[in-house]
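So, here come the structures, one by one.
There are two complexes below, and they share chain A, which is joined by chain B in the first and by chain C in the second.
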Partner chain A sequence: MDYDPAAAAAPDGFGPPTGDGADATDFTTSGREAAATPGAAATATDTPPHRTRDRIADLVVSRPLLRQTEREARVWVRTWKGSLVSGLLTPLLFLGAMGLGLGGLVDENSGDVAGLSYLVFVAPGILAAAAMQSAAADALWPVMSGVKWTKTYHAASATPLAPSDVYGGYLVWMAVRLAMNATAFLVVAALLGGVPSAWGVFAVPAAVAGALAFAAPLAAYSASQDSDLPFPIIMRIVVMPMFLFSGTFFAVEQLPAGIRPLAWVTPLWHAVELARGATTGSLGLAAVAGHVAFLAACIAAGAWWGARTFGRRLAA
Partner chain B sequence: MSTDSPDGAADAPLVQAKALTKRFGDDVAVDGIDFEVHRGEVFGFLGPNGAGKTTTMRMIACVSPVTDGKLSVLGMDPSRQGADIRARLGVVPQEDNLDSELTVWDNLVIYGRYFGLPLAEVRARAVDLLHFARLDDRRDSRVDPLSGGMKRRLTIARSLVNRPELLLLDEPTTGLDPQARHLLWERLYSLKREGVTLVLTTHYMDEAEQLCDRLVIMDGGRIVAEGSPRALVARYCTREVVELRFAEPGEQATAGDRLTQDGARIEPLADRLLVYTDDGDRTAASVGESAGAVPDSVLVRRSSLEDVFLSLTGRTLLD
Partner chain C sequence: MTAIALVGTKRTLRVVERNVRSYARMWPAFLTGFLEPIFYLFSIGIGVGELVGDLPGPGGHPVSYELFVAPAMLATSAMNGTVFDTTFNFFFKYKYAKTFDGMLATPLGVADIARGELAWALLRGTIYVAGFLLTMIALDLVESWWALLALPAAALIGFAFAGAGLGLTTYMRSFTDFAYVGLAITPLFLFSATFFPLSEYPGALAWFVRISPLYQGVAIERALVLGDVSWSLIGHAAYLAAMGVFGLRLATRRLGFLLQP
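== the complex of A and B ==
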C-alpha cells in the first residue's frame, strides 16, 4: 500500500464540508501538516463529490461522541430485524393481551379505570415500561462486552474518543433506537384507538427520557463490574417489579399506602405519568415540569457516574 | 506552518520518558524508566511477562495516566493532549479487540470514522488496508471465523487507518503459529521500509533480534540494559554458547563445578548447562574432558538476547 506518514492523518479538504477541513477535524496537528504539504490541496479537488448521505454522516462525526453512535447505528443496520421482536413485537403483544383482551373484561366490569378505557390507560404504560425494559438490557450485557468480553470500548478509547464519548455515544444511540420503537408502537396503539389526544406524540420523548433515566446510571454501573453474574438478578428484582408496579397496568394509588413511595421514586413512574398525560391530553404544566425535572436529574446523575466508571475502566 | 508543530525539530524524539513511573496502589508496575524513541526506528521492549512492558505501552498510548516522572509523545503531553496524540498513533493491543458485531470491512471503516475521517476517504483507505492485510477475499466476513493470524493482521491494518506516525504493537505475534508469525513479521518489515516508527513489546528474543533496531530489556518494572541487539550481545555475552545436556543431574553439577574452576563462564539451567565462549567448536571439542563427564548432547550456537537476559537477571525470558 501507499504509505506516507509525513502526509499523515486527515487529508485536507476531506473534512466536514465547512471549507477548511483541517481545522474542523480533530486532526489538528497532522491536519495542519497536511495543509502545508503542497500536494494536499490538489487531492481535495480529485475527490468525487460526496453523496448527500455521506455528507450528512461526515458532518455528524465531527463530534467524537457521535462516532460511537455511528458504530452502534452500523451494527443496528445489520441486526434491526432481530431487535424488532424484543423492541416492538413483545410490547405490541402486551398491548393486545392487556389492552384489548384483559381490557375488555375490565371495562365490562368496572366501566373504566380512572375515567379511561383500559386500552387508553394501559397503552402509554406499556410504551414507557417496554422502553425502560429494553434500555435496561442494553445497559447491561452490551456494556460488559465493550469493557471486558470483546473489549471494543478499549479499541475506541485508543482513538481520539474519550471514555465519556464512548459512554455518551452509546446512550445517544440507545435514545434513537428507543424513539424509533416507541414511535412505531404509538402508531399501532393509535390505530387501535388507544391514543385519544394529539398530544400523544409527546409520549415518545417521555418514554425515551424515562428509559434513559434508568439506563444511564445502569450502564455506568455495568462498566464498573467484573462479571455479569448480578445482571439477571437486576433484571428480575429491579426491572421486572418496576415494569409491573410503576403505574403501568394499574394506578399506583391501588398499591398499599406504605409501598406507594417506592413507585414514586422509580424513573418509570414519572415516565408513565408523562406519557399517559400526553396520550390523554390531561397533564398540567406543573406536573410536567416536576416529572421532567426528576428524569433529567436521574440522567444527569447517571452521566456524571458513567463518565467516571468508563474513565476508570478504559483509562487506568 | 509546520514550524508551529509541537514536535519541534525534526530530529526530536517521538517518545521521551524520564523517570517514568506507574503505580497501581502499592504495586509499582513501571519503576522510573528513561528511554527515547526516534523517528523511523523500530524500538523494542523485551522482557518477561510482568516486566512492565504493557503498562509502559499504555502510557505511551495515552490511555493510562502517568503516576510520576515525565513523558512526552510526539512532542506533546499525554495528560493534557491525549486526544491529539491518539489521533496520530496506531495501537495494536496484546489482545485483539476487533468488533465482532461488524464485518472485516466495517471494522476498518468504523475505526477510520473514530478518527473523524470522511467516508469517501475511509473507504479508499480500507481498500488499501484490506490488501495490506492480505484479507481482500474476506472483506464481508465476520471477524469471529478468522484465524488468529488473520485477526492479528486485521488489527494491524485497522491501526494504520489514520496513517499513524507512531505504531505501538504489544506482543504482536504472541499465540501465533510460526507461519502466521513470519507473514506478520514480513508485514511489519514493509511498514518499517515505508518509514513508520514502530514500538513493540515482546518476550520472544528472536522477534526482538529480527525486528528491532534498538531495544531496552525490562525486568521488574526497570530497564536493565539498552542498545541494538548486536551491541547488547557483544556487551553482555560471549560470541557463542555451548549447550550441554547430561543424562544425570549430578553429572551436570560436577561438570559445572569443574568448568568454573577452569575459568569458564557458565550458566546452569534446569535441563542444561550453558558455557559461554568465543570459539564454540573448540570448547565443544574439549568440554568432554574438562567437564569430567561426557554430555549426552552438545550444541554450539550463537549468543542471543535470551543469553543477555539470562546473564543480567539469572532467569530465562519465558519463566
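== the complex of A and C ==
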C-alpha cells in the first residue's frame, strides 16, 4: 500500500525497538521444531534423522554465509505472523479481487485475454509482482536497520563472517521466505483454477528470481545510504509503477509504444513472462533462456555491487 | 460550538503547525504520497478497463470502466492520505519520539493533541485528494457539477478514517500490531465496490460490503462524479461523520488515560 518515514519501522518487526513480546520466546524454538518432526527426516530414504540434522549443521558451519541466513530464519520464527499479512494474505486478496471479482467483468466482456481467462492471466502476474514488492521492502528498511539502527550487521561482521557473507546470507534467506510465500500462493491459485499447467511449479523459482533481480541491487543501495528518507519515495515511484505496469494486470502490448521499452527493462516483466509461461505451459526454450539470462545478469550485478557497499559500510 | 469541537482552537493549530514544519524537511516524501491512487487509475482503470469495456451506470446509461474506478480511487486517496498519519506516524510520535509528552509540558492538552493530529492528517489527505481530482478533470473523468462537492465529501471520508485511525492506534502496543492496519486497509481498498460493482459480489458478501466504511465513501464520490445524487447519500455521510466523531472522542479519552494517568 503506502510507506511513510515513520512507518519505516514496521515491516516484520525491524526498526526501532519494539520491546514487548519479542524477548519472551526463547532461542530454542527452531531446535524444538526440528526435533519434533523426526518422521519427516526418517522417511527420506534410509538416512537416520540425526545424521540429516548433523549434515545441515555441518553445512551451516562450513559456510559462514548461511550463518546469516540462520539468523534471519530465527528472527522469522518469532515474527512470521506479521510478515504473513504482507507476504501472503495481501497477494491472495488481490487474487480474489482482481482474478475473481474483476475477472468476472473481463470475461463477460472480452471473453479472454490473449486466449486466457482473466484469472489465469492475472494469477502469475500477482505471484511475481507480490514477490517483488515484498522483496523490495525487505531490501530497504531491514538493511538500514542492520547497518544503522540496530547495527546487527556490524555485530555479524565482528565474527568470522565477511560483509559479503552478511549480504549473501540475507539474500539467501529472502529467497527461502519468498519461495515459501509463492508456493502457498500458487497452491491457492491452483485450487481456484488459475494454474492450468503442471509446469506451473516453475512459477515459484521464476517469481523468486525476479524478486531477487530487483532486491539484490536494491539492498546494495540501501547499505550505502545514511537515511531512510528516500525509501518511501522509491516504493512509490519505482516499486508501485513496476507492480502495476509490468504485464501484471494487463499485457505490456497495451501500453503506449513509447513506454513499452521501460517495462521490458524491469526485472518484474521478465519474471511475469516466465511465471505466466510456466502456469500456462506455453513458453519456448529460447524465451525462457532470454528471460533467465536477464534476471541472472541483474542478480550478478547486484551481488557485485552489494559486496562493495556492504564491505565499505561494515569496514569501519 | 460543534465547529470548535471539530476544528479546534488556536492551540489545535499549534499542533498542525508543528507537523507542517516537520514535514517541510521531508517534502518529497509528502508530495509522492498522492501518486498511488493515480497509478492505480492508469493501471486498473485504463489498462484493465480496455478489457472490461462499459458497465451499466445510473439510469441504465453505460459508464466507461475508468469512469467507474476513478471516484473509488478518489475515496481511497482520502482514506490513504489520512490513515498513515493517524496510525504509524501517530504511534511513532506517541511511543518513541515522545512528541506528545513534550506538547503536554506546554499549555496544550490531550484534546488539542488529538484534534491537531486529526486536522493535520485531514489537511494532508485533502491535498492529495485535490491533486487526484485535478487529474480526473484533466482526463475528462468528471461528469457532473455535483463533483464540486467531491472535495468536501473526501474531507468527510478523511475525517472518518483519521478519527478511527487515532482511536484504534491508542490500543496498539508495538509496531508488530500494525500488521492489523494493513489487514484492515487492503480488503477495504479491494472490496468496497472499488474495482467492480456491488452486483458482482455473492449475496452475503455484498451486505458485508454495504456496511463497511470505505464503501460509504465510494458510494458518495461515485454518485457525485456521475451526477446520480439521491437522499441515500445523507445516510452514507452520517455513517462517516459518526465514525470520525466516535474515533476522535475515543482517542482523546485514551490519550488522557495513557499520557496523564
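We take it that the second predicted complex is superposed on the first by the 259 of 316 C-alpha atoms of A that agree within 3 Å, B and C clash if a C-alpha of one lies under 4 Å from a C-alpha of the other, contacts with A are read in each partner's own complex, and residues count from 1 in each chain.
Convention: a contact is a pair of C-beta atoms (placed from the backbone, for glycine too) under 8 Å apart; a residue touches a chain by one contact, two chains touch by 3 or more.
None of the values given here were measured: they were computed from a predicted structure.
K.L.:
Going by the contact rule set out at the top, does A:85 touch chain B (first), chain C (second), both, or neither?
P.N.:
In the superposition, A:85 touches chain C alone.
K.L.:
Considering only the touch criterion stated at the top, classify A:98 as touching first (chain B), second (chain C), both, or neither.
P.N.:
After superposing on A, A:98 lies in contact with chain C but is clear of chain B.
K.L.:
Please work out whether A:75 is in contact with chain B alone, chain C alone, both, or neither, and reply first, second, both or neither.
P.N.:
The answer is first: A:75 touches chain B but not chain C.
K.L.:
Looking at the overlay, what does A:109 touch: chain B (first), chain C (second), both, or neither?
P.N.:
Touch status of A:109: second partner only.
K.L.:
Using the superposition on chain A as set up above, list the residues of chain A that contact both chain B and chain C.
P.N.:
Residues common to the chain A contacts of chain C and of chain B are 1-2, 4-7, 9-10, 15-16, 79, listed in rising order.
K.L.:
Which part of chain C faces chain A closely enough to touch in the complex?
P.N.:
So the residues of chain C touching chain A come out as 26, 28-29, 32-33, 35-36, 39-40, 42-44, 47-48, 50-53, 55, 65, 80, 84-85, 88-89, 91-93, 96, 173-176, 178-179, 182-183, 185-187, 189-191, 195-196, 200-201.
K.L.:
Could you list, by residue number, the parts of chain A that touch chain C in their complex?
P.N.:
So the residues of chain A touching chain C come out as 1-2, 4-7, 9-10, 13, 15-16, 18-22, 79, 81-82, 85-86, 89-90, 93-94, 96-98, 101-102, 104-106, 109-110, 113, 118, 229-230, 232-233, 236-237, 240-241, 244-245, 248-250, 254-255.
K.L.:
Within their complex, state which residues of chain A touch chain B.
P.N.:
By the definition above, chain A touches chain B via 1-11, 14-16, 25-30, 32-33, 35-36, 47-48, 50, 54, 57-58, 61-62, 64, 67-68, 70-71, 74-75, 78-79, 150-152, 154-162, 314-316.
K.L.:
For the complex, give me every residue of chain B touching chain A.
P.N.:
1-2, 4-7, 24, 61, 63-65, 74, 76, 82-84, 86-89, 91, 93, 95, 97-102, 106, 109-111, 113-121, 128-129, 131-132, 158, 160, 162-165, 191, 194-197
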